[in-house]
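Both complexes shown next keep chain A, but they swap its partner, so chain B is in the first and chain C is in the second.
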Partner chain A sequence: MFNISYFAPAKLSEALEYLYEHKEAKVLAGGTDLIAKWKKIGHPDMELLDIRNIENFAEISEGKDGLFIGAGAKMAAVQYNSAVNEKFPILAWAASVVGSVQVRNLATIGGNICNAAPSADTVTPLIVYGAEAVIVSKKGERRCLVKDFFTGPGKTVLQSGELLKGFVLPYPEKGSKAAFSKHGRRIGMDLATVGVAVNACVDGGKIKDVKVALGAVGPTPIYVTGLEKFAGAMANEAAAEEIAALAEKQAKPITDVRGTEEYRKDMVYENVRKCLKKAFA
Partner chain B sequence: MEVKELNFVVNGKPYKVDVRTNWTLAQVLREKLGLLGTKVGCGEGECGACTVLMNGETVTSCLVLAVQAEGSEITTIEGLASADKLHPVQQAFIDAGAIQCGYCTPGMVMSAVALLNRYPDPTDEQIRYGLNGNLCRCTGYQKIFEAVRLASKRMRGEA
Partner chain C sequence: MPNIPDVHYEKGNYSVVGTKQPYIDAYDKVTGRTTYISDFSLPGMLFGKALRSPYPHARILSIDTSAAEKVPGIKCVLTGKNVQQYKWGPVTKDEYLLAVDKANFTGDEVAAVAGVDEEACDEALSKIKVEYEPLPAILNMHDAMKEGAPLIHEEFPRNVNCHFDIPRGDFEAVAKNAYLVHEGEYETSLEYQSYIEPMAGVSTWDRKGNVTIYAGIQTPTWSRNDYAVALGIPVEKVRIVQMYFGGGFGAKLSQQVHPLGALIAKYAEQPVRFVMNREEDFQCGLPRVPMYFKIKTAWSKEGKYLGKYVYILADNGAYGSYGIPIGLTAMYRIDIMYQVPVVHSVMDLVYTNKVPTGCFRGFGNTQMHLAHETHIDEVAEMLGIAPDELRIRNFAGENYKNPHGWKTNSCEVTKCMVRAVEKSDYHAKAAEMAKENETSPDIKKGIGVAAAVHVSGNRSFIKPFEGAGILLRMNEQGKVYVLSNEPDMGQGIRTVLTMCVAEGLKLDPEHICVPDPDSNVVPFGLGCFASRGTYMATGAIHMALNDMKAKLIKLAAELLSLPEDELDLKDGAVVSVKDPSKKATYAELAWKHVCDFPGQNILGIGYFTPAGVEYPDATKYNNISGGYAFGADVAEVEVNVKTGQIKVSKIWGVHDVGQPMNLLALEGQLQGGIAMGYGWAVMEHLKYNEKGRVANAGFLDYQIPTSADIPEIDVEFVDSFEWTTGFGAKSIGENSLNPTAPAILNAISNAIGIRFYDLPVTAEKVLKALKEKAKASGAKA
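Here is the complex of A and B:
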């Protein structure tokens, strides 16, 4: 116990080689989940691959097919980045409500997703913006929609030897508007009791496309399915209520210190309805 | 037990120390460098007592491994005052009576310094937002609020 081997390469190729050679190695980004957990479970031995020094890992850049956000971008960087604020405002908002100033100066967006907590704040915006995770390994690169990234609590599609490199967020369509809510017991420094993100594209008062994602109400973040049928429907209160009811049905919350199952279901309905109202406005 | 050499600058002074790879930055500051101003409360990022500036940004030093501080510049509460004068935020905490047991104070002051860097004339909302990673069990926060206001005024030359 208590022994840590630590490697912090500057080159991606070195990191991937290390991950390939050390099957048990853990990736260390900001450490706000990893180190906190390591302490709680009694400081077991670890092989750590610190990715913060890898060149371009914290980059945020506007590409042709969308905005690229490096896995190593800190919450504080996401929160204040002008392109994120302008084009993906609810992602900036979600980043701004993660933990505290100190946490946001350490925590990365990649760590938030890879930790795969159902309550992770930046996940629901990434899902409704249609973000793709860019995954790298020695064998090459692959992509996976963030909505398909989670396989269980704390579990993701990442295989041994793989690293999350970042996200590509396709630029939002004209006429689309997103809304976000983090429903919790208090405003600061708490995990969400219910998290909601919606993104709706409305054209001439009619829904072209609508996406809804839910946090903290199931073993993984939830992408609400079956919303295609709303294409062409009027973007009004009635549609918002119908979609909210569908979301409530698909939520699978548990009862814990933050709220009961019933309460969470109610809050899913309320918050989805409210968010859609904003997005339709 | 693995040991690594750590090169970093603390309060303007360069250090080269051997650290165990499982030590946190808070441990090294306190136990290796004897900088006992930085407190450890919860040890899990919740209370902010261990807040220091790392490359100019506040972090909870209980969640940072010492090896991660390689090449960085750290400022602790001991590094704020100049030779003959307290930092305006420190002075304001004293003048406003924002200190009771004092355990949260070093971390609170570091967060207040960072807060005033970002918002020299903060709104109530911004003060709350900037300090929500620092818990205080004594003061009820009101005096801390007043201290931040006072420091802000003095730093802007208004008081």
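Here is the complex of A and C:
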């Protein structure tokens, strides 16, 4: 029947050794994407590496240089974790709108990123919080900004033998405020038609720094570029509209069964504007 | 046939009927103890699967099954070329179980296999080689009758399954002298029932060629006729056992999946389970018939409804199913709610190369309600009369006879509207919202009303028969079994019948059992459609209970040596009203009965047919229902003009269902119907791509409301009693849904001043319309 090999080590070194030996192995965390896809494509043979038993893989801990979130942390854990809620509230919010309660009790934040769907809810907050992905392999550890993690739909910078260990989120600068929006067709259980996260640091009514990330409007999540020029500008409605227009220009949505290109562009503008208004307030 | 007199039942002093009772089977369902049809197995059972056409329209040139037959575990491979096929269908006989020479929609069954498991079946299906010649396809109903359109069924020129023209008076003459004539066009979309369990059945044959189909089915006895035709066998050789199944909403009357499963089982010579997967169910189920409406109405200055002309184009998809009665229902059912002296309806039911469409909660009437209740609001605006007031001025009342010969009995539609308007504070809110909207830049609020009517049983299917029979059997322990042909598909008739017995015999529900209908056992009947179950079955059980009560009193009178008029029923016993210590329990009486009359149980026999109802004549004249049910909704919406998103904040539903039976189930049905109407209005849409395939055959992209989306719902039932049936009950099943979508659309129009004439009204559609409106007003300025 199904031809699956399954390995669930408790030690990271064993997992990395396995990945080194088995170049085609699939990494199983929550399985909510992986297993659904495997069923859809007709149950092909598969080598599975289950990372759920690896020590500390689901940990969320406050370190010196930032908050560490393990790749195996479940969406529900991210949603309810007090440090995440306190310091990175829109990440908790984004985790809370992934799928359904049942999905959030299985799905992991690492899986959400590695699956590399352009619509992944937790990606845009991670990008605007300046999170780094911690990537490990037999050869050692390297880091990569989440905004640079994606190379195409379903494609990431992860090389053969590499495993995502987690994320480090630098603590937000004083005066910074983030906002998030998931634009879908309904409230419960939906994929985003447009996802928006913004993070703005405002000092004395002036923009110090502003970051905008977009989901579901291109082959990968989009980090809006060219916002440096707003440093020093007034954090007002006009700036919000200007940035929103810039974001709309950089969005590259397609028309599909969930929405048209035109509507998605409109919603990028509207949601970025709305989020910035909140972040500037 | 016994003469049914001019009955006039009176409301009783009920202690069980009208209370709130949890479903008697709820606990077993939610704890996983109930066996649903998809989980049902027989010893030696195989699995059946179908190979489906990848083209919407294609000639089948050849089929090579040789490789498939060699797959380990495969018992048989059938095609329309190697197995004799018979055209069948519940109304129009136009569909084979396996396509013979041509596939008519993407998903049409081309071949079928039986195997030891689903994987073997899948492998075999992948090895069947079919050579197709793709043909031009019709994917839009408006193209079906055009010159040069491809022909789908040779017997139906211009792809017209049927054309009806039913004039009652001269509309043009009325229109000529009217103060206002309004014309509008409306269109509804393809909507899938989204029941929780796909279509399914398990079939097994004996050596004499009798087939038993265990099925998820709303019409177990009646569908035997259809399935016999499909299988080319006499109807007496077909037995159907209705199993627990996960909802139907109309789709699970006669279905292709049952006779096709039976055909596979016949050639496999083993039992076969045939369950559609969800993708197949989306592509090949029987979704709602999409309709286009052109409505033209004539009015006096005071808002008197003088006449109506309706043209309907209905999309039947590739095969007929119940398209004809659905189209007919759309044409004129609403005419029993408004007093309109002149009504003229015309309908074309056409074939397209899409999924066959069929019954869906509301049966065409829901589609017409969307169109008509929108139209009425437009007229109200033009006449400067409040939309509730315009309706009230024209509503039917008790004993109204309409131009089709239909007649109301109980009729509280005005009360429903008045109460819904009052509860929602409609008029004050409308004024308040209009004022608020002036200063609110992003959110515009609106409120809308709509009214609705449906039947309780539709006397349009079988000429010599309408009604229901119930057989009550008291076993030797005094337990009562209710044998009925009114199946439970989750709507709760099992609990309603239990409550009736508890009421009529003063018996604890623990001692009452309503088995699943088995056509070898239960009385003949039609089953669960046309919102008929409660009205018909409680009418029949009322009589059966009287019969059993009389027998129990007679037996007790003999046993206790007391006069019959001194005895009454209480707590599962026949008791002397003068001396309660003198009594005979049902257990005692039942045991004595089986001993005195060896083996014979005490029986209660009841039958019911609605008084004053007759099969329609050739011009579709005659009253088709004894219990017209009514209702009114008020919906409140908030439209975000920056995104087009619609939030339906609250819906009030007030209905006339006659005497409520199980109040808890009634509330649930009404809330569920409103939720479904909400989904239909703003999100549900089974879409086809340009290749003629369903583009969203799954719940990820065929969206229905989740519990997080469903608005706050407030339901109420007005005081009413339908005197033609013993317990006074009318229906709720379908009418619960009818007013919701138009009330929402009217509220949207109230909020942003834009009317939407086709479904669903998505955020994207709203934003586009708002932009166009802004552009137009900008251009004017």
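In this section, the second predicted complex is superposed on the first by the 280 of 281 C-alpha atoms of A that agree within 3 Å, B and C clash if a C-alpha of one lies under 4 Å from a C-alpha of the other, contacts with A are read in each partner's own complex, and residues count from 1 in each chain.
Here, a contact is a pair of C-beta atoms (placed from the backbone, for glycine too) under 8 Å apart; a residue touches a chain by one contact, two chains touch by 3 or more.
Since we're looking at a predicted model, the values are computed, not measured.
Of the two partner chains placed by the overlay, neither chain B nor chain C lies in contact with A:G205. Once the two complexes are laid over each other on the shared chain, residue contacts for A:G232 go to neither chain B nor chain C. In the superposition on chain A, contact is made by A:R258 with chain C only, not with chain B. In the superposition on chain A, contact of A:L106 is made with chain B only, not with chain C.
In the superposed pair of complexes, A:A76 makes contact with chain B only, with no contact to chain C. In the superposition on chain A, A:S5 contacts chain B only, with no contact to chain C. More residues of chain A lie in contact with B than with the other chain of the pair chain B and chain C.
In the superposition on chain A, A:L191 contacts chain C only, with no contact to chain B.
Using the contact criterion defined above for the overlaid structures, shared-chain residue A:G140 touches neither chain B nor chain C, since it reaches no partner.
Touched by chain B in one complex and by chain C in the other are residues 43, 187-189 of chain A.
For chain C in complex with chain A, the touching residues are 119, 122, 642-643, 683, 687, 695-696, 700-701, 703, 705-709, 762-764, 767-768. Chain contact summary for the complex, chain B toward chain A: residues 1-2, 4, 20-22, 24, 43-46, 48, 51, 54, 57-60, 63-65, 67-68, 70, 111, 114-115, 128-130, 132-134.
Touching chain B in their complex are the following residues of chain A: 2-6, 8, 28, 31-32, 35-36, 39-40, 43, 48, 50, 52, 76, 99-103, 105-106, 187-189. Chain A meets chain C in the complex at residues 1, 42-43, 183, 185-191, 257-260, 263, 266-267, 270, 274.
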